[in-house]
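Before I ask anything, here is the structure I am working with.
Each chain gets a letter, A, B, C, D and E, in the order it is written, and its residues are counted from 1.
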Amino acid sequence: MPVTDTTEAAVPAPRRRRAGNRRVPTALLVPALLGLTFLVLPLLGLLARAPWTTLPQRLTEPGVLTALRLSLQTATLATLVCVTLGVPLAWLLARAEFPGRRLVRALVTVPLVLPPVVGGVALLLVFGRRGLLGEWLDTTFGLTLPFTTTGVVLAEAFVAMPFLVIAVEGALRGADTRYEEAAATLGAGRWTTFTHVTLPLVVPGIAAGAVLCWARALGEFGATITFAGNYPGRTQTMPLAVYLALETDLQAAIVLSLVLLTVSVAILAGLRDRWITSP
Amino acid sequence: MPVTDTTEAAVPAPRRRRAGNRRVPTALLVPALLGLTFLVLPLLGLLARAPWTTLPQRLTEPGVLTALRLSLQTATLATLVCVTLGVPLAWLLARAEFPGRRLVRALVTVPLVLPPVVGGVALLLVFGRRGLLGEWLDTTFGLTLPFTTTGVVLAEAFVAMPFLVIAVEGALRGADTRYEEAAATLGAGRWTTFTHVTLPLVVPGIAAGAVLCWARALGEFGATITFAGNYPGRTQTMPLAVYLALETDLQAAIVLSLVLLTVSVAILAGLRDRWITSP
Amino acid sequence: MDHQSVTEPLLDAHLVAGRGAFHLDVHLHIDVGEVVALLGPNGAGKTTALRALAGLDPLAAGHLTLAGVDLDRPDHRRWTPPERRPIGVVFQDYLLFPHLSTLDNVAFGPRRRGADRRTARAHAHTWLTRVGLAEQARRRPRQLSGGQAQRVALARALAVDPTLLLLDEPLAALDARTRLDTRAELQRHLGDHRGATLLVTHDPLDALVLADRLVIIEHGRVVQEGDAATITAQPRTDYVARLVGLNLHRGHGDGHSVRVGDLTLTAADRVDGDAFVAFAPSAVALHATRPDGSPRNTWPAVIVGVQRHGDNLRVQLGGPVTAAADITPAAAAHLRLAPGQAVWAAVKAAETRAYPVG
Amino acid sequence: MDHQSVTEPLLDAHLVAGRGAFHLDVHLHIDVGEVVALLGPNGAGKTTALRALAGLDPLAAGHLTLAGVDLDRPDHRRWTPPERRPIGVVFQDYLLFPHLSTLDNVAFGPRRRGADRRTARAHAHTWLTRVGLAEQARRRPRQLSGGQAQRVALARALAVDPTLLLLDEPLAALDARTRLDTRAELQRHLGDHRGATLLVTHDPLDALVLADRLVIIEHGRVVQEGDAATITAQPRTDYVARLVGLNLHRGHGDGHSVRVGDLTLTAADRVDGDAFVAFAPSAVALHATRPDGSPRNTWPAVIVGVQRHGDNLRVQLGGPVTAAADITPAAAAHLRLAPGQAVWAAVKAAETRAYPVG
Amino acid sequence: GGSSDPACPAPGGSAGITGPLTVFAAASLTETFTRLGRDFEAANPGSTVTFSFAGSSALATQINEGAPADVFASASPANMKAVTDAGNAVDAPTVFARNQLVIAVPKGNPKQVNGLADLTGPGVKVAICAAQVPCGAAARKALDAATLTLTPVTLEQDVKGALSKVKLGEVDAALVYRTDAKAAASDVDGVEFPESAGTINDYPIVALKDAGNPTGARAFVAYVRSDRGRAVLTTAGFQAAGS
């Protein structure tokens, strides 16, 4: 009876390795490493050029820590603003049916495509002291946004929000909507369904969006300097400090950039896998 | 028997509306509209300031169309590069277990946080004439990247790739891995599983990432001008044209920005829902 | 019991809905406290009907009235969203929320219906205990076995005590013993339940034990409806006949004779015009040669297949009429059964029932 | 048949694996062409065992040898990934690829095993036809009913003709008729199948019809193993007893007497030492007063519950021993059964079986 | 160095100059103005000077959109004109410094560039500013004066861009301002050329109408144009503008 022969032939010889440690296919590994190299190599270039000897002295310069703190504060606040407004917007784009939805989705990308300086000008045109809304805000509430720390947050939020909206919309579209149906049959309205079912299911997408948003806000320069000006301690974030350093001293600019990078990489590397993994 | 009473009371009076047209909860609608307004209002500010009468004349200026075409070409090429290298990288971050994964994930955001001009400098340090790799590329292959259209694509890809990687990683983490297990039991190796199961399942995430990536590449300025310079027809993309216009003529800059915006919004609005919806 | 509830059923629905090329068109009525089993072959439209009742898909036409209130009536442009319907659903694929513990899954409904956190959890705990899963309260759905997940889904739907309870194969994944227990628990609950229940199942036993009335649909239409006794005695379609384990044929009656194809069968009942004849597989005897004893209905048949069936063997017969016969292993050994073999089949007229079509 | 296949089973596995607090430790052997049914209560570890066999979770210890090749042997650091094992799986929750048509789902396996696109699709079409879903070939899984999806999952696993076939409740969602047909189709296929098959099911009928041998696990351990006849006759755990529909008690035997708690039962068989006694519910007679006829085993009992059971009623009894009794509705009417009522139960010694523990 | 002596009241420094003062200045003035600001504060105890450095065009836009600034120092008359045209200046702007083009080459001048004509040679990569920015306009004027056609590899948005490309060795030469070449003296050499005389760029300064501190604004403008201010500017490589 030939059975045993054929079945034996069908069983491949096992390799000496264990589960969880499965080989990564070369076709994936090679481009992935290439991509990683491409992203990280320029950083090495910067590191190679960094004036290591003068580093301690530069770091202790008074303006640097202030700018760094301001950067982290404003980027975090901007991310909060983006999450608060952006997640509902993403939900609207992914779940509600309305005419012109495709146009709205495309409009969301406007701040991405707009050169940031022009974005800053546009913000000035709207929220500036002579702007469409700004004038009213000023006379009614005595509220001026440009050239204030709030203005920095606003500029960063404007530039960074599309990242959040689009990443979260992608996650929402990828999610299984049948859980939302199940929630509805249990008496959950759309709002409760959103908070109790939809949101927890797309946590990885929101985390990804928030990371993008935060990092983009942290690196934001053009819109900020245009809308909020470049006042040390008030609106001068690290990228603005880097810009000024570039005027005089390339190496100083590199050092400042590296400081910003190190801090942000350290913070992002501290994020637990747990927070960005779906249940 | 009190049953009918209680059950009747439990059935709420229906409203005069149909399914698919369900009310959007105010708690979502208000922030969503606020967010949308925040994103779109500055655009209105620009539109209000645009010099409509001189518009036709400006649009027909010779450089504009060239810059627009170059922008679209390079952004699209950069997006292709990013997808090719970035999707595998995202997969590696989401699916493979290796030490230092969190650090690698954080490093991916480097180009986001790096001020673009510094990013351009970093690219020069690596791919420039005297750069780590550039010198070797130059002497070995006679390949120079700075001041070429390829350089523009490279700079854009560098700046835009993190968006793709992080958005796709978020989507991968949100996806149900049991389908991949099912594929494995049917004889699909990790590569086939990736191409035939994983990828199709995260299409919305990849689409979202690619949109982000493309839009970011389209709006990219700092790294491009620093790494590839600004030469009309070869490396002068729309944002570079906008920046130069800004130096002399705000209105010209606004017009150019609006042209860029209109084209990109039109292209993005043309994307079918089908392409960005999961199966 | 007040007047209205006597004359009007709690649920009065005419469900017209489409899913792709499939069209559903069924009338459903369920009284207060009544349990109706919805049966039908795979793809008959049972889940589609449940989705329409729950409000997950709107009706294309018809109406859906629960306790006198129109929940869905397209021609009046009325529609109530699922969350505002007093309806509970157990889904065929459970759909437990993957991010919530078992306990919170069950507490989800009570919370939404206004219970505070502690009350809802206590209530959920009671229900988990009833379905025997109190120990798994802290687990995530991914950490449950299939049968455990199904019981959690059942507890989740029952915990809200809805006016209309929709159960889509709520016992399919349970092991024989848990099935008995859970079925008993469900029976107890449904006995107390003052609303209406619609139970989709493929298990005739579930239907017989739990339901007061059976509604059978095929291809999106109701094909038979009634209490278990009637349906068991007089199946009207092949599906129902198989369900209740009878051989069914359609023919033309003339007194006690019913002509089925080329064969004339004699039945216990009188019937004229188009008629069904039904007989149990166990009533069919097989003989190697033409029998000349008492059975009035005999015909030559060919053995198509033989399967074990409980302690007996079930023999599939071809020939002028297709039929199944249950015989003991001893009889089988005597006959030396094998596919392709020719035999004589015999059924007593007393065991053959006839009833009119329609 | 060559020598090796006689002495060595095709599958020889000692599965040791953990999932959270749950531990699995079972030995499994399946011969060439053999079909083994794996039964057990919900949460017993059936799916866990299947996952370990398929390579989706690695073994913690033990080994897994298929056709003489070690696929998983932690102490030798050997492990073969799932895609390189000649194993096919039908998952309990189907896991059909949502982005592929029904046809492409089924063609997926053959494609991966090297067939070209056309061949694979033709093969898939054949399989879809066999499970009666040729019409649904172009549909997406979301557009299928639950039962249709399950049949596609079955076709998908069968289409690759694996050496070891793992089926996790492959018929649970099927309607009675389709179940018969699909079971017959599966039986035909398994008959031809030259590999080994492990079938998880909760339906005793599936197990009896399809399997050559039964392995029963509880709490991650094998509790009983053997052919259907042995297991049906001599259940060793409550679960198995319920499965085969017997009352089971454990006691101490001394000749024909077995002491169970306070009660001594007389059995047909001789047994000494720790022993099981088993009797069918249908063998239990109920009397209003103490009977003095032939049954040697009588005891006073209390009625705990009554359920319909087929044509009869199944009565749950409390008292010195818990037991189920099946009685006819006529007898029930005569006894005026109601929960809480005291009755006398009687079982003839001839219908009481006794066998040693272990 | 422009180190100040607090004991000696600076020109323009008078009693009563106190309070905050906001100065919008072109980014290329970062070093000099930061120093001048410190000096000014020392000379006028109680005053605090805050700078916002950015591109002149961006600053002009901000001022015209109502930015709260007291003084605007521009790197080009064109951007200043945008502000005065919008009526945001108190009076006519005055030029406080001038700048002149030089050829920046890598340290040691490896390609032996000694004049404009050497830039057109084969194999010489040159960066100049785009025509829209002052240094580009000046470069074009100089090339026209020398009747040369030069094909640069890039038209930079500002002097810093052009200069950094020389620093990194991407180009062999760039036309930049003398001040920039001087600031980067550790990396580049500045090659003077005769045609640069016709390419002088003016830096105007003005007190702004919306100034919150008008006296302070006037005092700062005067301070920049004082001898002390001119000394600081000259040290950085500017040509002092005659007052």
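Here, a contact is a pair of C-beta atoms (placed from the backbone, for glycine too) under 8 Å apart; a residue touches a chain by one contact, two chains touch by 3 or more.
Everything numeric in this text was worked out from a predicted model, so none of it was measured.
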| item | value |
| --- | --- |
| Steps needed, at minimum, to go from chain B to chain E via contacts | 1 |
| Shortest contact path, chain C to chain D, counted in steps | 1 |
| Pair of chains joined by the greatest number of C-beta pairs in contact | A-B |
| Most distant chain from chain C by Cα centroid | E |
| Distance between the centres, which are taken as Cα means, of chain E and chain A, whole angstrom | 36 |
| Intercentroid distance (Cα basis), chain C paired with chain A, Å | 53 |
| Averaged-CA centre spacing for the pair chain E and chain D, given as whole angstrom | 88 |
| Junction residues of chain B - those touching two or more other chains | 20, 22, 121, 124-125, 189-190, 201, 203, 243, 246, 250, 278 |
| Sites on chain E at which at least two other chains make contact | 58, 61, 164 |
| Chain D: positions in contact with at least two other chains | 55, 81, 84-85, 93 |
| Residues of chain B defined as touching chain A within the complex | 20-25, 27-32, 34-36, 38-46, 48-49, 84-89, 91-92, 96-97, 101-119, 121-126, 131-133, 157-158, 161-163, 165-167, 169-171, 173-176, 189-191, 194, 201-205, 207-209, 211-212, 215-216, 218-219, 221-222, 239, 242-243, 246, 250, 253-254, 257, 260-261, 264-271, 273, 276-278 |
| Of all residues in chain E, those that touch chain B in their complex | 55, 57-58, 61, 78, 82, 125, 127, 130, 132-133, 152-157, 161, 164-165, 168-170 |
| In the complex, chain D residues that touch chain C | 19-20, 39-44, 46-47, 92-93, 139, 143-148, 151, 168-169, 172-180, 184, 187, 202-205, 208-209, 238-239, 242-243, 305, 307-308, 310 |
| Complex contacts: residues of chain D adjacent to chain B | 54-56, 81-85, 87-89, 91, 93, 95, 97-100, 108-109, 112-113, 140, 142, 156-157, 160 |
| Chain A partner contacts - residues on chain E that touch it in the complex | 22, 24, 27-28, 30-31, 50-54, 58, 61-62, 65-68, 160, 164, 167, 183 |
